[in-house]
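For clarity, chains are labelled A, B, C and D in written order, and residue numbers in each chain start from 1.
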Amino acid sequence: MTHSPQTGRLIPDRLTSPASRALKSWEALLAVVAVTIFLLNAWASPYFLDPWNLSDATFNFTEKAMIAFAMALLITAGEIDLSVGAIVALASTAMGVAMSMGAPTPVLVAVGLATGLVCGAFNGVLVARFGLPSIVVTIGTMSLFRGIGYIVLGDRAFTGYPADFAWFGQGYVVWVITVELVIFALSAIVFGILMHRTSFGRTVYAIGNNATAARFSGVRVDRVRFILFLLTGLMSGIAAICLTSRLGSTRPSIAAGFELEVVTIVVLGGVSILGGSGTIPGVVLAAFVLGLVTFGLGLLNVPGIVMSIVVGLLLIGVIAVPRLISKLRT
Amino acid sequence: AGSAQAETVRIALVAKALGIGFFEAANKGAQEAAAELGDVEIIYTGPTDTTAEGQIEVINSLIAQRVDAIAVSANDTDALVPTLKRAMDRGITVISWDSGVAPEGRQVQLNPSSAPLIGNTIIKLAADHLPDGGQVAVLSATTTSTNQNIWIEEMTKVMGDYPGIEVVGTVYGDDLADKSYREAQGLMQTYPDLKAIIAPTSVGIVAAAQAVTDAGKVGEVNVTGLGLPSEMAGHVKSGASQSFAIWNPIDLGYSAAMIAYQLATEGAVAEPGSTIPIGRMGEVTLDENGEAAMADPFTYDASNIDEFSSVF
Amino acid sequence: MQPDPVTRDGAVLSLRGIVKTFPGVRALDGVQLDLFPGQVTALIGENGAGKSTIVKVLTGIYQPDEGQILVAGQPVRFPTAQAAGAAGVTAIHQETVLFDEMTVAENIFIGHAPRTRLGLIDRRAMRVRAAQILRGIGSDLDPGTRLRDLGIASKHLVAIARALSVDARVVIMDEPTAALSHKEIGELYDLVDTLKRQGKAILFISHKFDEIFRIADRWTVFRDGAFVAEGVMGDVTEGDLVQMMVGRSVDQIYPKRPAEIGPPVLTVAGYCHPTEYDNITFTLHQGEILGFYGLVGAGRSEVMQALFGISQPAKGACRIAGDIRVIRSTAQAVAAGIVYVPEDRGRQGAVKGLPIFQNVTLPSLARTSRGGFLRLAEEFKLAREYTQRLDLRAASLDQDIGLLSGGNQQKVVIAKWLATQPRIIILDEPTKGIDIGSKAAVHDFMSELAAQGLAVIMVSSEIPEVLGMSDRIIVMREGRIAGEFSGAAMTPENLIRAAVGIERNAA
Amino acid sequence: MSILKSREVVLAVVILLLLAAIASRFPGFVAPANLARVFTDTSPLILLALGQMAVILTKCIDLSVAANLALCGMIAALLDGMGVPMPVILGAVIVMGAGLGAINGALVWTLGIPSIVVTLGTMTIYRGTIFLLTEGAWINAHQMSDAFKAIPRQVILGLPVMAWIAVAAIAGVALLMTRTALGRAFYAVGGNPHAAVYTGISVGRTQFAAFVLAGALAGLTGYLWVARYAVAYVDIAGGFELDVVAACVIGGIVIAGGAGTVAGAVMGALFLGIIKNALPVVGISPFWQMAISGAAILAAIAFNARRRDPGRIILKRAEVRT
């Protein structure tokens, strides 16, 4: 029978064009939402369309979004890191210690990054090496990392960072473009390429969909997981540098509740919390959507908690509505 | 700066967090000042929980709205500085009140009273009821609360004036009712001979009084510190608290609004030694740090509590 | 009983015009099926013919889009599995659908546990009845054992006991013998006979013709989701059934071609593991198909997975192309030219959620990408080449692999490995649950790989398959090598003796 | 069975060792009255952990329990302020809590949205609702009726009612888990959702039931919390959801679902409760508290993971020796 192996049928590469897929994608939906909110804001407040104000508004999300890019990869791989807020706090504390010993800005930056990497490596070892579930590991390290910050600092604060250190969180590159915004954009590009254009990104998707089968396909699953935790730690370190610089001081309580906001950005960005799917452009859009919502409501002096209701509704609504529609259709 | 064109002066009164009775009362005072001045709009706002990050987001949106003045009770002395500096760069008048901001982040700090006076008052309230001396403990707010930390520091300085009184420990209730309650319980547990709990925070003092009542130690442990008459009335009557002190938060809010208005419009300058009129409260004089004290704390006990519990 | 015009006389359960579609697939296209009391009906069809789907329709797991289910002539609906059970339809499903953290008794009775007067679960009654049912199928499993502690064959017995725990008129068995050992298969046949005598109607799904001819009374054939024909067993030959299933004739299932056996490419020396296997030593030659036979649970998969770097042996080493070493990760194995087509396709083989072409290129990414950056055109090229060689049936290469039938998924998995151009390919139960047409294709392919100079290890629990395809056979029993056979010594008797240990007892 | 049992035994031993260590520095801690106090203090955590356990068993997670608690607590305080009699308030908070849980459950069930996303959203929505109801104002002790504040404090047979409610809930949930079809369904759905469908158990409906249970317990706890601490405001029990999950994890409830016991969940909660209560007492700086509980969580996870699955055994040991 099928002796000649070349008799197989020709299978087309694709049935739908990438363009038509993109139109129906989550990112398209988010883009529509973002534009709508932008227009609503412009209509509701006379102060909205001011470049300086828009520039200030980016501070509402840039630091969290930096972490969200790494978290997007991590969640796509089927893991999660709830300790990011605590890593930021610990990295900030470490920088404070270095600063109080008289370290100059480059050393402070190195200390911040290194602390992030060490924390990420700690999570990564526990998850990738010892096979513990990441959600509970990072609930534990969340207390541990921040707890170390409290042990070091107690009720004190570190202040008096060198003047040039303020550049990261308070500086402008040109006109209204802040340093943080540039770091945000650069990390979006780097992580976008990493996730969508490299074989590393491909293995992340494979692991998220079926880690066992990925391992049976020669993928170094544990190494990829470890690297992802490392990256998340690193980005938390970068966020810590920005936030510390922006606040000009360190308390162990900084970045409280960051983890849930970061996860919210990622999930709103269309990354499946169960792993296996999601995109970086989606996360970028989600960051803008959330930034626009909170800034727009802030201009109307709506209390933060009411904003969080809106964010909660947005989170559930954006996921629920398409499902509801497809359910009603059938 | 931009106030010239605007017909009303917009003053933002930023609380540590929304919903706390003390700040709601301050808002009342600010509104009173606005009514008196006529062309003033008060924007009362604040984060939902007592974090510096939350306050920064709020302040950012106030800067964007180009309010004329921001009067803030800070959750963190230092963390607000860069943001408030930016506000000043954009021509906005910035003062802090109640809980202060480091000098470079504001033009004026309005202290409810002078810190040494408060520090002395809280320990005196405890000592007055302990003629034979004894152990007392402090239940503070968060570890980062500026004013509590300063008061406790001032209190420690004058401890020598109260021989026989021993401060055995300081715990933090984070201005959360349940945590303060548990910390108060822990204090009574750890120090069976404890005679008084000093809580210089309106959340902590209520929780501590409740904990003392629940532990059946009314009469043994006296809860004192700083609180609101409306919230403490029941505990004063039950005897859990012999007395406590507070300045009038309505006056504080009134004064803060007045100072902000003066600085933003009337050309009052924030320099050491300058005096700023504050309406019915008279005037304040700035010290070398740009700080001013409003009034002395007032002590409440069973004799006068009913009179004030309906006011604030 | 009232004769119904649409029901065949005497049928206890009939299906008429059942249609079931999934996104992109018409799994069932107006099929019919009749089951009679006291008779075994064999349902036959290629992979993806829709057999398991009809089982799920019958047991209330899927709702048909169109068509009728008739019980004793009356139309019924099964909105849930419980409704089907209440109507007397019970099934042993193709996948073992059990709960590892629960006891045997709980697994048997979950959903319909006996109650005390207070309405609470009566645990004692549950254990007693579970023990009864297990004894009825010749098993002495303790109902209190936790399922996680059982082997795969015992688990299958629990699944069977579960199906028998409801008072059923219709018993469905979807490839029930696929995971059972020799002895247990015999007991299962006895059980089928008992059920027949009790007047139950039995639907029996299997790809093994010997057992179909052994136990079935009637047959029904599906092809591509459509009904083809039905009849009684006496009237057909194996060839007829195959012809109907595949739509063409299959002349050779074991197309073993002689290949030139070359030098050794892999030597395994003294692999040991504290609980799984002991002192595994053998040599594999270029161009050779080395069969690994044993009862299910003999530990063959564990050994193969150790060779592939999934796990590590506690002791021992292997020599690959001159290097003596232990493979520590699957990535190392692939680099060394060893690849493994796993037994558990759904869990270990296919990355469901990724498209076909990405599944194919996953282990070859280093080759299709440049400097770590993906090149999609290269990926499609590679995927196209190898899926075509395996005659894959799919709508497009960027279709999710999870939408393919099991057999086609298996082809993608094999394509994935061939694309790495390995030197040694290990196939673990490569035709388990695969229809006869695809089976022949896989065998043919194996032959060709060997002829091209690959070394092939084939793990199989089917005697005709190992005998038909292997140049040499190693038999494993309880984690040890129990014998090695080549040439004239490769007889069914020798293999079974070694596998069940008669030889050792005699010695 | 024996593995699981021994895990609970080990946890019990660890708790006893912990108590012994504390007692060596501060004997008063293990006085019966003080232990009763610790138990009472831990009651809210226990109640929520029982509900969370049901949810986790079904492969879900409920991050909204603390917000649910806060909202129901506030409603209770508001109802009390309107002069509603106590029995009605009690009924109302349980129904309210169950209703809020049902919203979570319905979103998970009907739309198949992952529970972590749903409850991340409802967590902020529920808390925000409190703000909308009250404009952020606190309700303080002096605004609550005495009857309202009295119930959890009422001492019966040496324990406050609050503790008795926890005891009753432990017994009730234990019975539910081991002896009812619903309880077994929780385990089935989490252990193997695919198989659960084949046995006629609706995965979504069972998850829904778990959320309703968790919600009802959170609602009840909301009242107890507010009445005990005599204050209600937006932020009460902020971040408590993570303590609850931590208690379950320490108690050996497998986060992937399908395995865990009531005894484990209760001991996990007690473990955290004892640490929280003991640290200030034995004079460890409060700044160490957070790091210690983090380390304890990690130790518990590592321990539980180590004790899993000895694996199947193909080789017969006896034969190896011969």
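Just so it is clear, contacts are C-beta pairs under 8 Å (C-beta built on N, C-alpha and C of every residue); 3 or more make two chains touch, one makes a residue touch a chain.
A quick map from chain label to UniProt name: A = Autoinducer 2 import system permease protein LsrD; C = Sugar ABC transporter ATP-binding protein; D = Autoinducer 2 import system permease protein LsrC.
Just so it is clear, the structure is predicted and the values come from calculations on it, not from any experiment.
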Any chain that touches chain D and chain B: A
Comparison of A-D and C-D by number of C-beta pairs in contact, larger one: A-D
Whole-Å separation of chain centres (CA-atom averages), chain A against chain D: 30
Intercentroid distance (Cα basis), chain C paired with chain A, Å: 43
Euclidean distance of C-alpha centroids - chain A vs chain B, Å: 37
Chain C residues counted as touching two or more neighbouring chains: none
Touching two or more other chains - residues of chain B: 18, 48, 143, 172
Touching two or more other chains - residues of chain A: 154-155, 303, 305, 308
Pairwise chain contacts, counting only pairs that touch as defined: A-B, A-C, A-D, B-D, C-D
Sites on chain D touched by chain B in the complex: 26, 28-29, 34, 37, 41, 131, 134-138, 140-142, 153, 225, 228-231, 233-238, 276-277, 280-281, 283, 286-287
In the complex with chain A, residue positions of chain C that touch it: 250-252, 308, 310, 329-331, 333-334, 339-340, 342, 347-354, 356-359, 362-363, 365-366, 369, 372-374, 380, 384, 387-399, 416, 420, 440-441, 444-445, 448
Residues on chain B engaged by chain A in the complex (per definition of touch): 18, 43, 45-48, 51-54, 56-58, 60-61, 63-66, 76-79, 81-83, 86, 90, 102, 142-144, 149, 172
Chain B contact footprint on chain A (complex, rising order): 45, 47-48, 50, 52-53, 56-57, 59-60, 154-155, 157, 159, 166, 169-170, 246-249, 251, 253-256, 294-295, 298-299, 301, 303-305, 308
Chain D - residues contacting chain C, complex: 1, 175, 178-181, 184-185, 187-188, 191-192, 194-195, 197-202, 258-259, 309, 311-316, 319-320
